[in-house]
Structures are given as structure tokens and as C-alpha cells.
Amino acid sequence: MSLPFLWGVFGVNMNVWLDAFVRLQLVVVVMTVTVMGLIYLERKFVGRLQMRLGPMRTGPFGTLQSIADALKLLTKEDLRPSTADFWLFEIAPYVTFVPVFMTLLALPFMDGWFVRDLQLGLFYIVAISGVTVIGYLMAGWASDNKYALLGAVRSAAQLISYEIPLILGVLAVSIVAGSLNLNAIILQQDTVPNLVLQPLPFIILLTAILAELSRRPFDIPIGESELVGGPWVEYSGIRWSIIFALTEYAGLWGFAVLGSLVFLGGWEWPFGTRSFWGDYDFVYQLFLVFTKSFFIILTMMWISATFPRLRIDQLMSFCWKILLPFGFFQVIINGIVVTYKPSEELRDVLLFLTSSALLVAMSLAIYLATRQPSREERVGKLLASRSAQ
Amino acid sequence: MEVNEEPTNGGAAPESAAEATPASEPTTAERPPRDASAVPGRVPAPAVEVAATSRPMSLGVQLEMARLTPVEVDHPKALYKTLLPGVMQVPADYIIAAARKSSLWPMTFGLACCAIEMIATYMSHHDLDRFGIVPWPSPRQCDVMIVAGTVTKKMAPAVKLLYQQMPNPKWVIPMGACATNGGPYTRYDRVLQGVDKIIPVDVYVPGCPPRPEALMDGFIALQNKIMEERNQVG
Amino acid sequence: MADMTTEHELDTIDVNVNIGPQHPATHGVFRMVLVIDGEEVVDLVPHIGYMHRGAEKLSENMDYRQAIGYQDRTEYLAQFNAEMCYVQAVEKLAGLVPPDRAQYIRVILAELNRISSHFMFLGAFGTDLGVFGTAFTYAFRERENVLDLFEEVTGDRLMYAYFRPGGVAWDVPRDFKERVEWVCENALVGAMDLDKLLTDNEIFIMRTRGIGILNAQDAIDYGATGPVLRASGVQHDLRRAEPYSIYDRFDFEIPIGTNGDSYDRYLVRLAEIRESVKIVRQALAQMPEGPILPERMPRLLRPAAGEVYMRCENPRGEYGIYLVSTGGTQPYRLRIRSSCFCNLSALKHMTVGHYVADAVTILGSIDIVLCEVDR
Amino acid sequence: MSPDEKDDKPAEETAEDAAPAIGPVADLFKTALPGVSLEAAQGALDVLITIDGKDAHQVLETAKNDEALAFDFLRNLSGVDYEDAGLEVVYHLYSYTHGHNVTVKAKLPSQDPRIQTVSDLWRAADWHEREARDMFGIVFEGHPNLVPILLPEDMLDHFPLRKDVPLAPLEEWQGEQLGENMANAGHIPPGSGFDVTPSAEGE
């Protein structure tokens, strides 16, 4: 444990349950603070992209904005439509949020620190994050509103179909690392991060995370301009904030940390296992993990600010026709490369070559699938080409 | 023809309503006067068209009047007001009112020309997001309803329904002259003369259309109102 | 037992979804009931009339000059074009001929208003497709520049009432030419930014190409005019076919699309911004000095009895004023022919067969202004 | 090329006697429709052709199908209420092929105005006719669905644009009253424009 002094100070020999409880509380506190920070960051960052200032009035530079939002939502009257199915309506927010929170359990944020070190950590995370779909369906069905039902059915179709590329992306990496335990995967990356070995699964994982959280290019369920609000259109006040705000932003943070641990080398990569500050080296490890996940979060927000929304059939065909086949190829090739136990360097080079070749093939497939006539053909005489202005 | 002066029975109409009608000399012409030959450019206040009283009000208009009854307003007690002891309520009121004041979520509900000024206020030139004001599509998650534009009698039931769908505590800002009292279209019988006929209103924003700064001023006035009424609002 | 063998026919019922009067995609208060089978639109019943506030009835009880205000409020994205149409109708009846300088000021302001209206379309179209804030803020950056210029000239951001029968109310400020040149420069930059953001974006192209196709014959039959008609390939622009005011002194191309889908309608409007900048620059160069109102202006305007159907090229199509006068000081009958009213009637024809998400795209691509539809 | 009759039109109010020359379109109409009584006049911009309501459909059908006229664009269809002189339905037509305009005015009695629909010729007429019915009560026989378009669906007997329908009176200012007495919002004072019987107010 890299935090011996913390337990020693208390001088309490923790039994297993109390220890788990204390770690869980730590994760809850960190999660709420991060979620509030992310909401504030999203409004500021997307505002800056749109040449706007974002919240400025509440607190210095609008920092207390998300606290004000949370408090307001807490004291809002939470309506329930009279024709709604009582128990389903009540439980739906918790069924949506709890799985997202449980994925945070298996994530090792620092060298030795995690709530529980699960041998099948990666498998556990991917399995648990599939449960939120049930929450959406419950919310959509219970609120007895046509928009909500349509939104729920659409989000179910989207989440389930993007679950598989998520699994494949993660599976390919675990074959390379040889184990599903997150710690093992991170320790294996001390010289070269998995992103270099496996560029294609990283891209597939990023797209699948975007779809899993229904963010911009894939936000069919909450398509504001079409069916308003998705499955939680009937929720208001604290219930709505659990479903919408907490689930989305906690999931965003959780998956971003997962992406940085598995692909960008987590706290292992640039410095390996050498410890610089003795007992306090968890500081720079935490800093490493959070900056990497911060970059992933920023790219997701940037994508969500610039891309229009895909139609439901384009979204499905993109997943089934492009992400899935290339995911399978990647897993098969990894299997072949690893079973023949080439020497250390040859394995890395082979993995890198095959994966980047597949990445090029996939981008070619995407280009062919969405091939549009060239700008002259489309626009031709209507708009002089940009250079001519 | 004598203009009927007796107040409606059932006493509900207060006396002030009786003499609100302008002293009108009954004009005998069957048709309302056509040539406004008075000072050019200024339409004289037309005498009350007596001809209308002779026509029975068409069934369609009566059906519509029945749909335009105002919304019944209920102010439920807040949970924290019942739980917290009295002395703790004052700081709690202050904090919760400050939170509500700084995160007002209006509903994207643009009706007419004022909607363009409302959109201009959200955009980067006059940014409403600085006040924590984010437009939200669904009425369930909104606090403020900005009625930006003319409320016609065909649209009024929809406005009432949206108001009822919003959770408490909720506020209404009629933006522009049309929503305040019918504006330039007030003399047309299909236009509701002001949205306060059907829903209670908090801050009126004058102008046709009001400048984005006027709407921001309306929001600041609403914020001050929230802070003042923090102990009454549920 | 018979039907156990045959494959049981799954009878699906069509759900009708009401995209109601209050909806972010309906640009105001337009309600359409979509009968959908799964994701596909089977039938579409549009409901309008939520913004019918009787501009025609009220202008029949007002003086000729007071009715100008109603034109701004009816067509609230292209106020100068609407005013120009009404004012020219009154001039045709009263036999007034505005001096040249007033004509030039009118053409410059009308074309700038066309640019600001098209920017509003680009912003709203981007939001319908999902780029929630970004397209709007970039489009509004340019639109605010144009509105600032209008405020300097007329004193108001949206409702100008600046054109008068016989000319314009007062003269333009001294630095008008430099200001207009600066605004034109920014309009081109803004058009290029939005061009970069949307035109070559694969998802944007996939969402709009081939969606809501209206061929030329149907467009003429439905009475569609303006960019919707020109996107279907019909080369018809009132400024060229029936030149009013002084439009025959400027040369500009008329951009027309090829296959009449939402993508072409977007491109035609983006190209029209550049054409309007060309017209404004030529008008600025030729603008003479001189009076802005004819000397002998009758104090009380009493046009001769008669009727006229004056039509102008608004950003959304042909905006017509059918004015009947019986010699009094008040118009006897003022009928506003709204361009969006006819373009909207073709919505069902274009939408049936597409997905729900496309219904919103097609509605956005027609670029309707509800106050002009319901008057 | 703008139709020629526009530029030879002298300013109208100067000479009542020298009526402006009537455009060539009128002669085309006379040749195409010998049997129908139509009187042509020259308006400010286009040629005005006044016909009787009963044979409106026949005139408009030839206007669309006759290749010399070929009016394939129904610009505008509006009703006008001339009170004693009856109602009038005005069709503005334009031809993309020949580029000329015409205004056809069909006269109708003001009591029970009925006219044959033209929505089978131009689909643009469908919505315009529904609006004319809303505003003036002109019944278009043969129209696919003559449902109110601008007025509420159940308002079938109120025609706002008729000349005898007055403007609405100014209801009193509701703002202050609202505070203590909600029941009174929307109250129309007695003796004002609307003859509101108390029961209708739903006391």
C-alpha cells in the first residue's frame, strides 16, 4: 500500500468491510467534486469554443455555478406524472446511476490504491456499464410519455450495439497485456504505452465511449431538435439531475480514466516503477492519471461542440459495418501474434504494424462508406472554391 | 341604442370594472366609422362599436373563451421549511434563493419577433450564459418561462399547459409589448391582450422587441425579486 | 390451427408523434403531427395559425404610413425587403417616384438585410442538425455586425419603419460607405467560416444530401419561390425576371441548385450572401448625392382608387402586397402574400418517406418565419 | 424581358379619360375564351380581368392549359369584401414560359358566396382557399379538406376580415388585479364590444 502512513495514523486495524467503506466514501467525494468540476468545465470550454464567456457571475469566474445548479435542482419540486408507473419511475434513476458509480471501484488511480483489486477488473467494468441501458428503458417506459418511450427505445438500441465495440477494444488490449487485471495491464506498459502498440482499439474505444455516454455525434436519445429530452423528459429536479448530470459526467470521467489507464499507460508510462519521492510519489502518479484523462475529456467535449448529430440508421450501420469487423480482425490478429511467442521487441513491432495497418484499412473503409462527391461536384459553380475568395 | 350599463350579476365583477368602459355616445351607424378624418397619422380612440352587441357572439368564439380561463396557482410548502427549525430557516432561505437566482433555466419558447432578440441575447454578443442562464428544451427541467412574442387565443391553451408542466418554484417573464398587453396587435380579436390573463406573471420586459440588454435587465430584476421573496416562495 | 403454420403477420400500429407548437426545431409556433411507422414518416399533418394576429385587418384600420410597422413585424427577419415591397405598392398607386439616392439606400439596406436573414438561417439550420451552439454563435457574430449598422442608420435593431412612401425617412450617417464596406468584408469572412464548419463536414453532408427532394415541376405547382425554387433548378429571381426599383442597374448571378434537396437549399443561400455583397458594393459605388424625398409630398397620403399586386424578392421567396385603395386615407384591403406560406405547403410532399430526424432537417431547410406564414 | 405593357403605362391619376392601354394578355384571353363575358382593365402593374364567379373555373382552366397563356404559377389567391358590391376572389397568375402576369377577379354575392375550387389545377391554391374561407366565409366547392387553417379548428362561423366585424375593444389592464383576485383575469367589462352573458364566463 503506498499510503501506509494514512492507516497507521488512525492506528485502526481495519476489518475488510470498514476498509471498503472508507475507500468508497473517498471515491464518492472525489467523484462528486469531479462531476461538478466537469459540468463547469464543459460550460466554460464549449462556451469558449463558441466565442462566449460561459458562467461568470456566480462566484469568481463562475466557479460556484455547478454548486448553484445542484442546490437549485435539489430544492426543485420533483413532479411525477399521475399516469406514471410508480415504482419503475422511482427506481429508474438509481438503476441508471449505480452501475456507472460501480465502474469506479475497479479503477486503480494510483500505484497501489484502488477500492478492490479485481483479477477480472476490465471484464467487470465492461459488464457493469451495460446495466445503465435497463435504467433508460425503465425511465422511458415508466414516464408514460410517447417522446420518452421513443427516446428510451432509441437509446437502448444505441447503447447495446455500441457495447460490443467497447468490449472488443478492451479485449484486444488485454490479449496484449496477457491479463484482465488492470494493475497488470498498467505494469506491462512501463516502457511503451498500449496506444503505440494498439492504435486501432484506442480509436474504437473512444468512439464507443462517445456513443455509450450519448454525447454529441451520437446523442440520438437526447436529440434536442428531434425528440426532446430522451427517456428522462418527464423527470425534474433531483431525479433528473441524477439521471442526466451525474450519470453522464461520472461516466465521462470513469471511462476517460479507464482509457488513460489502459491505453496511455496510467501512472506507469513515462517514469516506470522508479519512485522519486519515496512515500509521496502517489502525488505525481495521481497528477499523471488526471492529466491524461483530462485530455481525453477535452477531446470529447471538443468533438461534441463541432459535429452535427448522426441519424439513427447511420449510427447503427457505422457500428455494425465498420467498428465491429475491424474489432474482430484486431482481436484475431493479436491472438495470432501473441500465441506464437515472438521475442519481446519483435512482438511489439509486429503488434504496432498490424494494428496501424488495420487502422488505415478502417479509415479507408469509413472513407469509402461515407464517400461524398468531391467539393467541385457537390458545390461546383455555386460557391467559388474557398481559395478564390 | 342604449349601451347596457348594469354590472353583471354574481358580484364577482368589482365596481372598478363598471366605469372602465369609456363614456361612449351610441353611434347609430350600422357600420363602424370608416374614414378617420381627424388629425392625420393618429388613429382617434374609436367609439365603442355598438354594432357588435347586436350580433350574437359566434359559437366558435364562445368555445374559445371557455378555453381561456386562467391557471389556478398553488404554492406548496417547501420540504426544508417543514423540517428545519425556525431559526435555521433564514440562512437556508438565503442560500437556496442565492442558488436559484444564479441558475435560472428558461425554456426555449420563442413565439414571434421577440424570439429573435431572445436568441440574440443567448449568443456570444450579449451572453446570458454568464448569469448561469441556459435554455432548456423540456418544460420539466425549467424554472423560467420567457413568453417572447404575441400570445394568440389559439396558442393560449398550449401556454397554459406548458406553465402547468413546469415544476415549482417557477417564474414567468412576458417579453415585449405583445406578451405584456397585446402590443401593436391588441385590437385584433384573435390576440390575447397580455399573457397575464391566463398565467401569473413576475417581471414584465417592455419594448417591441426589447433590446437584449432589456431582457438581461429583466433577468436581473427577476433575480432581485427571487432574493426578496425568498421566505414566501416554497 | 391454420394460422400456426403461416408466419403470423406482425401488425404494427402507426404512432403519431406531435412535434408541438413549443419545440426547439419548429422555429416558433408550428405544429406538425407525424404519423410514423418505427422511424419512418408515413404521414405529416401540419397545423399553422398559432401566430395569426391579423396584420391585414389592423392595417385596414390605419393610415398608409402607420401600416409600415406591420410589415416589419410580419417579416421579422427581412424587414427592409418587406417595407420596400409595401412602400413601392403605395408609390405605384399614388404615382410617387422616389429620388435616386433614396432608391440606392433602399437597395443597399434590403440586400444587407438579406445577408443577415441568411445568416440566421445558417445558424438555425446548424442547430436543427445538432451543432447546438457553434453554428448559431458564428452566424450571429456576423448578424450582430449588420444589426449594428442598421441601428446606426435607423435607430432600432429590428423594427425599422425607415422606408416611407416616396423615399426614406431621413438621410444616412456620413460614414455610411465605410461602415457598409466593413460589414460586407465581415460578411464574407463569416460566410467562409460557416462554409468551413458545415459544407465539407461528412456528417452534415450525409444528413442533408438527397433529403427532402422537390423537383422543379412540383415546386412551381406548390407555388414555392425563392431559394427553395432555385434549389430545384428553376432560374427565376424577381430581381432579374421582373426588375423592380433599380435592380436592373446591377449585374449579379443567380445561384441555382441541381437536385433540389436540403443540401442545395443550404448552398443556394450561402451563395446568395456573396451575390448580395456584390450588389451592395456596386450600389455603394454608384450612390449619388441629392434629396431623399420628393419635394411635393402630400401631407395626407390619399392614393388614387385602384389596386396593385407589388412583389419583391425576399430572402425566403416572393413577398407580395395586394393593395386595394378606394381613395381614402386607409388601405381598403391589404393582402400579404407570404413566401413561407407556400413553401411550407410543400412540406408534406417532401417529408413522407424519410426518417423523423429528416423531417426536422427538411423543415429547417425551408427556413420558415412563422409570423409571415400566419400574418 | 419585362412584359411590355408595364412601361407604356402613364401615371394614372393625371388623366382619368386617357385610360392606359390594356396589355396584350387581355386579347389572348378574349381569343381563348370567346363564350365568357370578361371585361379587361389595366391595373397599376398587371392586366385585371373581371369575370363572374360561376364560370371562374372554366376561365382559370383555360388560363393554365392553353399553351398561348400557360399560367403555371398561381401567385396569390385572396378574398376581398366590397360590402354592398359583394365579395370577390382575386387570382394573380404568372407564366414561367411566357413571363407575363394577369389578375383574374371573380365576383361573388356577399350573402352565400360559393365558388368552384382551383386546387385541382394548382396545388398552391389548397392552403390559400382554406385561408379565404377562414377570413371571408367563401365556400370552395370540391376542396379536399376545407378545415380552418388560421383559426382554431372549431371556429367555423366567425370571419374576422369581413368589413362588419369590428376591432376588439381594449380590455382593462389586468396586471394589478391579478394579485388578489385571480378569478377576474380575462374579464370583459359589460357594455364593451362583446355581448358576454355571465354564464359564458363560467362563473
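Letters are used for the chains, namely A, B, C and D, taken in the order the chains are written, and counting of residues starts over at 1 for each.
The criterion applied here is as follows: a residue touches a chain if its C-beta (ideal position, glycine included) is under 8 Å from a C-beta of that chain, and two chains touch if they have at least 3 such contacts.
Keep in mind the model is a prediction, meaning the values are calculated, not measured.
A.B. asks: Let me check something: if the centre of a chain is the mean of its CA atoms, which chain is farthest from chain C?
C.D. replies: A
A.B. asks: In whole angstrom, what separates the CA-based centres of chain B and chain C?
C.D. replies: Averaging C-alpha atoms per chain gives centres 29 Å apart.
A.B. asks: Can you compute the centre-to-centre distance for chain A and chain C, using the mean CA position of each chain? Integer Å is fine.
C.D. replies: 43
A.B. asks: Rounded to a whole Å, what is the gap between the Cα centroids of chain B and chain D?
C.D. replies: It comes to 34 Å between the two C-alpha centres.
A.B. asks: Using Cα averages as centroids, what's the distance between chain C and chain D in whole Å?
C.D. replies: 23
A.B. asks: Got the chain A residues that touch at least 2 other chains?
C.D. replies: In chain A, the residues touching two or more other chains are 50-52, 224, 228.
A.B. asks: By residue number and range, which residues of chain D touch two or more other chains?
C.D. replies: 151-152, 160, 167
A.B. asks: Specify, in ascending order, the residues of chain C that touch 2 or more different other chains.
C.D. replies: 23-24, 49, 52, 54, 57-58, 61, 136-137, 141
A.B. asks: In graph terms, nodes being chains and edges touches, is this line, ring, star, complete or other?
C.D. replies: Other.
A.B. asks: When you check every pair of chains, which ones turn out to touch?
C.D. replies: Result for touching pairs of chains: A-B, A-C, B-C, B-D, C-D.
A.B. asks: Would you mind writing out the residues of chain C in touch with chain D in their complex?
C.D. replies: Within the complex, chain C touches chain D at residues 48-49, 52, 54, 56-58, 61, 92-95, 218, 220-223, 234, 236, 241-243, 304, 306-311, 318, 320, 322, 324, 333, 335, 337, 341-342, 345, 374-375.
A.B. asks: Which part of chain D faces chain B closely enough to touch in the complex?
C.D. replies: 83, 151-152, 154-158, 160, 163-175, 177-178, 181-187, 189-196, 198, 200-203
A.B. asks: In the complex of these two chains, what residues of chain C are touching chain B?
C.D. replies: Touch list, chain C to chain B: 20-24, 28-29, 49-55, 57-58, 61-63, 65-66, 69-70, 72-73, 76-77, 120, 136-137, 140-141, 143-144, 147, 157-159, 299-300, 328-330, 370-371.
A.B. asks: Touching chain D in the complex: which residues of chain B?
C.D. replies: On the chain B side, the touching residues are 3-10, 12-14, 16-18, 20-21, 24, 30-32, 46, 48-49, 51-53, 55-66, 68-70, 72-73, 153-154, 181, 186-191, 193-194, 196-198, 200-201, 204.
A.B. asks: Mind listing the chain C positions that touch chain A in their complex?
C.D. replies: On the chain C side, the touching residues are 15, 17, 23-25, 39, 126-134, 136-138, 141, 188, 192, 195-207, 209, 255, 257-258, 263, 267-268, 270-271, 274, 355-358, 360.
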